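You will see two complexes here that share chain A, one where it goes with chain B and one where it goes with chain C.
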Partner chain A sequence: MFHFQFTTVWNVSIDKPESFQHYHLFPKSLGDVLTTYKVKELHLSQTQGLWKHEKWGYPPEDAPPGDELWVWFQPHSGVDQTWADLVNALSGLFCASLNFMDSKSTVQPRWSFRPAGLASEFYSANSRFVRYSTLPREVVCTENLTPWKKLLPCGSKIGLASLLNSVKIYDGFYHSLGVHVRSVCQDTQCLTPATELKQTLTVVYDPTTNKNGKQDWSFQSMFDRTLQSQCPLADTRKIYVDVTTQETLPKFSLSPVPDFVLNQKRSGEERKIAVYQIGNHLSPSSLNLKAMYEEKLTFSNSSLPPVYANRFVTGYGLERGGVTCMIYNTMSSNTTVIFMETVPWFLRVYFSSLRIENDGKEIKPYKINFIPAKDRANPYQMELVFRLFANSVTKITYSFERAFLKWTEYPPDANHGFYVSSAVVSTVLPVASQYTATSQSVSLLEESFSDSSSSFFLRLHTETLLVSLPTPDFSMPYNVICLACTVVAIAFGSLHNLTTRDFTASDPSKRKGLVAKLKSFFKKEKESPENKPDSKEEEIPSQKDKDNSKSEEKDSKKKDGNSET
Partner chain B sequence: MAAPMVNFYFQLIAFAFLHQCTGTSPEEFFKSGHTNNWAVLVDTSRFWFNYRHVANVLSIYRSCKRLGIPDSRIILMVADDMACNPRNPRPATVFNNANNQINVYGDDVEVDYRGYEVTVENFIRVLTGRLPPSTPRSKRLLSDEHSNVLVYMTGHGGDGFLKFQDAEEISNVELADAFEQMWQKRRYHEVFFMIDTCQAESMFQKFYSPNILAVASSKVGEDSLSHHVDPSIGVYVIDRYTYYALEFLETVTPGSKKTMGQFLEVCPKYQCISTVAKRTDLFRRDVNKVLLTDFFGSVRNVELLPDSIHLQNATLHTHSEDSSDVKSDKPLSYAQQFPMPV
Partner chain C sequence: MVLPTAISFVCGVILRLALFRSSLPDWLSTKTEVVTPLTSWGRAMEGLALHREGISPYSGDIFHESPLMLKILGFISRFSPNTINLIFVLLDIIQGMILLRIANTFGRHMLLRQATSVKNYHPDAKKNLLRKEDLMDLQFYVTVAFSFNPYSIATCLARSTAVFNNIIILLALYQMLKGNSFLSAVFVALAAYISMYPIILCVPVAVHYFLMSRKGGMHYTDPTAVVSYLQILGVTFMSLAIMLLFSMLFVGSWEFIPSTYGFILGVPDLTPNLGLFWYFFTEMFEHFRTFFICVFQINVVIYTIPLAIRLREHPTFLFYMLLYTIGIFKSYPGYGDVGLMFALLPLWKHVYQYMRNTFVTVCMFLVCTVFAPIQYYLWIYAGSANANFYFAISLAFSTAQILMATDLLFGFLKREFYLHNGDKHKLPDGTDAQIILDS
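Then we have the complex of A and B:
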C-alpha cells in the first residue's frame, strides 16, 4: 500500500471569508468554492475498489467505493440550497458527477459524522448543518486525478506528486483520492484556528503479479518513474516505510538505507517506521526506493483487525429482499458501535423487520434514529447505536420490498441494477492494532507516531450492494409495433379484401390461350354496339345450360377462393 | 516630467519595433474575424462495444488540446468510461490503434459531462447557454459573437437522428434550431460541425443559420464503418473517418497554414468506403482560404494600444483585520468524533 499525503495548513480561519484573500499555497479554486458556499468542513473521497479490512487492516482514510462527500456548513439558513449549489460547483472542480447528489440521496447523519476539526459542542450536536451523500456508481479515472493534482502547490511536475503515473495507479486493486478541509489549532495554545487542507491518495498494488511470486518492489516497478526532485515549497518532505516485519518473516532489505528508524508506539501496537528525508537522497541520481525480499511470497494467517464488517443482499426474486450486515468483534472487550445506513427510496424498508442478533440472542439498541423515505424525495436514513460483545459476530438484518419506478426514471443501462451505498460503522478502539490514521489533533503522519491516548476513533465502510429492480422491457414498444402491424396487415387486409371485392365467376371452358385472348379483345371492340341484343338472347337459353353454368360458377368460385388464399 | 516623456517615446519605439517585427498590419491580424476558440466534443454511446466512439471523441480532444485550445474552452462529453473500465486490459489508456501507438486518453484529461449526464437536454442547454444558475464554469459554453466553435459528435445515428445512450435521440431539426438559437443570441462567429455516425449527412441537412461549415462521414443511406479490431480488447477501436482525420491532424502544428479545404478532402471513398459529405453553402468564406487552426487551434489576438494607461495601485492596504481579532478568550477544542459513551 502506498499512501500519499499532501497537507497544507493556512493560518486563516475558515469562519471568516474575508481572510481568504491572499492565496499562496492554498489553491484558489478550492478556496473560492469554500467561501462562496459557507463551508466549514469538507470531506470528499473518490475510490475505486474495496478495502479488505480482514486482510489489510485499517487504511489511513477509510473510503467507500465510489464518491463520498460530507460537508459541515457555517450556520446559516437555506442549507439545502447551499448544498445543491455546492455539489454542482464541486462537480465542475473535480470532473465527477457530484451534481447527482441531490435530495434523493442526501442525509443528515445525527451521530456518525461529527466534525473532524475544531468545533464547539453546541454546533456539532446540531445535525442541521451537515450533509452526507454518496455515489456508489461513480467511476474514478485520470480525469479525476488531473484536477486533484492541479490543487497541489507544486503541481505534478516536481516533488512526490511526480510519481503519480495514472497508467500505473489505476492498475492496482484499490485506489482512493481524498480531499479533506477542516479547522485545526494554529499552535498549542489553540486560541486561533487555522485551515488545513489534506489531499490523500491511497493505492494498493500486488507486487507479485507477473513476477512469479517474487515480492520485490521499487518506485520504478510500481510507478514506472523515480523520484527526481522535491517540492521547494514544502516544509517537510519525507517517505515513511513500515519495517516492523523486516527481521521476521518476510525478511526484506531497503535500498537506499533509511536515514533513521522511528518507533511508533500507540496503545497496544508498536511499529517500526523507516524515515527518508528526500533531500538527502536526490543526488547524485534520482531516488528509486527498493525493497528486496529474500523469499517468495508465502501465505500465512494474518491477525484479524479488531472490528470489521461484511454486508450483502439476501432473498430472491424481484419483489422482496433483505440486507444482512455482519459485524465482527475480535477483541476481548465489548465496544459501542454506531451503525449508519442510507437506503434509496425505491427499496422500501420494513422497519418492523429490523433485528440485531448476537449468537441467536436479540440485542436491543441503545438509540435508534430512523427517518423513513419519501418517494422521489428523500432516502431511508437509519442510525443504530448498540453494543458489540467481545469475540462475537453481530448480525443486523432487515427486509425490503422493491418499488416500481416510472419508465423515465430508469437509467440508460437499466438492466445493470441499482446501487445501495455502503453502511458506515463507527466505533472507538481501545487498542491501535492495525490502525494507521492520524489522530484528530495533529496534521502530519509523523506527529501521531507517539500517541499516548487510549482511544482511537475508527470509521469503517462496508461493501456497496447491487440490487435489481423490476425493469420493463425497453425493447417492447418496437416489438409491439412490429407484431401489431404484421397482424393488422394480414388479418385485416384479408378481411378487407374479402368483404369489399366484387367476385365474378369465370367459365373454365372459356379459358383461352394468349392468341385467342387477343382475338377476343379485337372482337369485343367490334361487337360492343351489338352487346345488348346478344345479352338478351343469352338469357333465353335452356335451364340445362343455366344449371351447368351455375355448377361451373361454383367450381370457378372454389377455384377463385383457393387462389385468394 | 521626464518620466512621461520617456514613457511616450518608449511606447512609440515599441510600437514601431513591433510593427516591423511582425510584418503584418492590424487588418491582417483580425482578418478571420474571431478572437477565441471553443470546442464542444460529444460522444453519445454507452457500453463496451462502443469503445470506438470514445476513442473518436478523445482523438479530436487530443488534437484540439495539442493545437492550443485550453481545457477551459473545451466541453468534453463522454457517455461511458472506457479507460478505467474493468474490461480494459490496459487501464487508464484509450488507444486509437491496435498497435497502441497513441494513448488518446493521455495524462491530462478533463471530462466535463460524464456518464449519465450526457443527455440531449444537457447538450442543447450547453449549446444555447440556458443552464441552471448553479452550473459551474467548466460546464458552460461561454462563447460570444467572436468565437469560432468546433462541434464534434459521434455515436450511432440514422436518417435524421442521433441516438444518445440507447435511451433517447436528437433529431436534425432540433439541432438546426439549437444552432439558430445560438446565432440569434450571438453565441458564435463561425461553427465547424463534424459528425461521424451512420447516415451522418442527414444531421446537417436542416441547418439554416449562417456561418456553419459542416462535414459528415457518410451520406444519407450509407453507413459509416469502423476501422479495425484490437484482438486484445475484442472490439473495434476507432471509426474510419476519425482515424484518417486524426492522421491528418497529427501532421498539423499550431503555426501550420493548412486549410479547411484540405481537411474536407480527408478520407476519400477508397479509404472510408462511405462518402464524406460536406456543406459549405452557409459558410461565407472560401474554404480553401480558411486556416485549419481557425477551428482546431486557439487564436490569441493581441490588440496594440499606442497610448499608455495609468493603473492605480490596486494592492490593498494591510487589511484591518489581523488574525489577532479572531482570538477567542477560551482555547478552542476539537469536536468529539464519537458522541456516545464508550
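Then we have the complex of A and C:
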C-alpha cells in the first residue's frame, strides 16, 4: 500500500472569508469555492475498489467505494440551497458527477460525522449544518486525478506528485483520492485557527505480478518512474516505510538505506518506521526506493483488526429483500459503536423489522435515529448506537420492499441494479492495533507517530450493495396508453349509450345499416335525373304510409289503455 | 328461509376461521391484487411501529391510513396475532349481519316503491312485477354471495383494512334504505374520510331523501327539492369537516392530508394492482403526467352525473352503480371493492334475465382471478415474464368488471322499459319489433 499525503496549512481562519484573499500555496480554485459556499469543513473522497479490513487492517483514511462528500457549513440559513450549489461547483472542480448528490441521497447524520477540525460545542451539538452524501456508482479515473493534482502547490511535475503515473495507479486493486479541509490550531496555545488542506492518495498494489513470485517492489516497477526532484515549497519532504516485519518473516531489505528508523509506539502497537529525507537521496541520480525480499511470497494468517464489518443483501425475487450487517469485535473488551445507514427511498425499509442480535439474543440499542423516506425526496436515514460485546459478532438485520419506479427513473442499464451506499461504523478503539490514521489533533504523519493518547477514533465503511428493481417494459409507453384508454373508453361508451339513449321499439327492416344507406344514396343520385317527378310522388305516399302506421300504433296503444281502465 | 341462511352464514364463518389456520393469510397479505398500499396490514403495522417510537407515521411514505384508522388499528394491534385474526373474522360477521339487514330492508323498500309506481306500468307487465315470495330468499342469496365469495374471503384473510371501508359503505346503504337519510349522509362522510372516493355516494342519498319526502308531483328541479339536496350535502360535508378537524387535533398538524388524500389523488406509488393507474403512470411521459392524473381522477367521479339523471327514480341502484365506478376506476383498487360488488349483486336478481353477457363476464372473472398471481410470480420471482403479462390481466379484469356493470345497467333499464311499455311489441305485419337503444 502506498499512501501519499500533501498537507497545506494556511494561517487564516476559514470563518473569515475576507482573509481568503491572497493565495500563495493554498489553491485558489478550491478557496473560492469554500468561501462562496460558506464551508467550514469539507471532506471529499473518491475511491475505486473495496478496502479489505480483515486482510489489510485500517487505512489512513477510510473511504467507501465511489464518491463520498460530507461538509460542515458556517451557520447560515438556507443550507439546503447552499449544499445544492456547492455540489454543482465541486462537480465542476473535480470532474465528478457530484451534482447527483441532491436531496434524494443527502442526509444529515446526527451522531456519525462530527467535525474533524475545530468547532464549538454548541455548533457541533446539532446536525443542522452538516450534509453527507455518497455516490456508490461513481467510477474514479484519470479525469479525477488530474484536477486533484492541479490543487497541489508544486503541481504534478516536481516532488512526490511526479510519481503519480495515472496508468499505473489505476491498475491497482484499490485507489482512493481524498481532499480534506478543516480548521486546526496554529500553535499549541490555539488562540487563532488555521485552515488545513490535506490531499491524500492511497493505492494498493499486488506486487506479486513479478515473474519470480517475490514481493519485490520499487518506484520504478510500481509507478514506472523514479523520484527526481523535490518540491521547494514544502517544509517537510519525507518518505516513511513500515519496516516492522523486516527482521521477521517476510525478510526484506531496503535500498537505499534509510536515514534513520523511528519506533512508533501507540497504545497496544509498536511499529518501526524507516524515514527518508528526500533531499539526501536525490543526488547523484534519482531516488528509486527498492525493497528486495529474500523468499517467495507465502500467505499466512494475518491478525484480525479489532473491529470490522461485512454487509450483504438477503432474500430472493424482486418484491422484497433484507439487508444483514455483521460487525465483528475481536477485542476482549466491549465497545460502543454508531452504525449509520443511508438507504435510497425506493427500497422501503420497514422499521418494525429492524433487529440487532448478538449470539441469538436481541440487543436493545442505546439510541435510535430513524428518519423515514419521502418518495423521490429524501432517503431513509438510520443511526443506531449500541454495544458490541467482546469477542463476538453482532448482526443487524432489516427487511425492505422494492418500489416500482417510473420508466424515466431507471438508469440506462436498468437490469444492472441500483447501488446502496456503504454503511458507516464509527467507534473509538482503546488500542491502536493495525491503526494507521493520523490522530485528529495533528496534521502530519510524523506527529502522530509519538501519539500518546489512549483512544483512537475509527470510521469503517462496509461494502456497497447492488439491488435489482423490477422493471417495466420500456418499449411500451404508446401501447400502454392506448390499451388503458381503450378500457376506459369501453366503460365510457357503454355508460354514455345507456344514459343518453332510451329504449324504443323499431322495425329491423326499416333500420338501414351503413352499407345500405350508402347504396341508397348512390341509387338516388343515379335515378334522380331520369325519374325525379315519379320518385317524388312515390316518396310522398310512402311517408304518408309511415305516418299512418305510426298513428295506428298510437291508436292501438290508446285503445289498449282505454280497455284496461 | 331462515335455516338455510343461518347455515350458510355459519359455514362462511367456519370457513374463514379454518383458513386462518393455514398459510393462506400470509400469502394473501403479500398479493398486490388483494392489498394495496392504502389497505395493507403490513404497512399499517409499520406505521404503528413508527408511531410507538415517536416518529410520525406520516413523515414517511409507507403509511397512508387516516388518523382515525391509525387509532383503531393501534387498538387492534395490541392483541396477539390469533386474536387479531378473530377480530377480522368478527368484522366479517358484522359485515354479514349488515348485509342481512340490507337484504331485508331492500325487499320491503322495493315492494313499497313498486306499489307507488305500479299505476304507471303497462298492464302486460304484471308478470314482471316483484312478488313477496321472490324477495323472501334475498337474505339467503346475499348471505351465500358474501360467505363464499372468494374476493371477500381473500380480503378478510389478508387482513386488509378495506373491510372497514366496506362496513361503513354498507351502513350508509342500510340507513338509506331504512329512511334515516341524515345518518346515511354521516356514514357517507365517514367512508369519504377513510378513502375519499365514496363522497359521490352523497348524490344517491340526496336523491333518495328527496324521493322519500316528495309530496305530490314535485319535480326534481323544484326549489324545495334543491333545498333537500343541499340539506344532505350540507350534513355530509359538515361531518367530513368535523372528522378532519378531529384528525388534525389528534395528529397535531395537517401533515396527514398529503399522505392520505394527496396520495390517493397524486398516485406517487406505482405498485402493481388490478387497476388501470399503475402501469399507465409508470409509462407516462413526465410532461403529461399531471394532465392524465386529472383526467383519470375526473373519470372516477364523472359518471355520477349522467347516472344520477338516468336513475333518478332508483337511488339504490344508483348507489350500487356508483360502487362499481368507484371500484373499477379508483387509483388503488383491490379485491375488497370487488367483494362488495358481488355481495350486493343478488339484490337485483330480478334483472339477471335481461342481462346479455353473463357467460363472458363470469369466464373473464375466473380466468383473471386465477392468472393474476401466476403472472405476478412469473414476473417478479421467476423472471421469465415481464410486466406486460400482469398488465394484460389487470386490463382484462377491469374489462370484466366494466362488462358486468354495464350489462347490469342495461338489464335494469330494459326491465324498466318492459314495465312501462309491456313486453310485446309487434310491427304492423305481425313480426316482433326490435328493442334498441336509440336517441
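FYI, the second predicted complex is superposed on the first by the 472 of 565 C-alpha atoms of A that agree within 3 Å, B and C clash if a C-alpha of one lies under 4 Å from a C-alpha of the other, contacts with A are read in each partner's own complex, and residues count from 1 in each chain.
In this section, a contact is a pair of C-beta atoms (placed from the backbone, for glycine too) under 8 Å apart; a residue touches a chain by one contact, two chains touch by 3 or more.
None of the values given here were measured: they were computed from a predicted structure.
Within the superposed three-chain model, A:Y366 lies in touch with chain B and out of touch with chain C [touch as defined at top]. In the superposition on chain A, contact is made by A:L483 with chain C only, not with chain B. Touch criterion met: A:G317 reaches chain C, while chain B stays clear of it.
Contact with chain B, but none with chain C, is seen for A:A116 once the two complexes are overlaid on the shared chain.
In the superposed model, A:V140 makes contact with chain B only, not with chain C. Partner chain A is touched in their complex by these residues of chain C: 30, 42, 45-46, 49-50, 53, 55, 59-62, 123, 268-272, 276, 278-286, 296, 299, 303, 306-307, 309-310, 325, 328-329, 379-381, 383, 386-388, 391, 395, 398-399, 402-403, 405-406, 409-410, 413-414, 417, 421, 425, 427-428, 433-439. For chain A in complex with chain B, the residues that touch the partner chain are 11-13, 15-16, 18-19, 21, 48, 84-85, 88-89, 91-93, 95-97, 99-100, 111, 114-121, 123-125, 137-143, 146-147, 165-167, 169-171, 185, 189-193, 335-336, 338, 366-367, 385, 411-413, 426-428, 440-441, 455, 457, 474.
Chain B makes touch with chain A in their complex at residues 46-47, 81, 83-85, 90-93, 103, 105-112, 114-117, 132, 134-139, 165-167, 316, 319, 321, 323-324, 326-328, 331-342. Taken in their complex, chain A has these residues touching chain C: 316-319, 345, 348, 350-352, 368, 370-376, 403-408, 470-473, 476-477, 480-481, 483-484, 487-488, 490-492, 494-508, 511, 549, 552-553, 560, 564.
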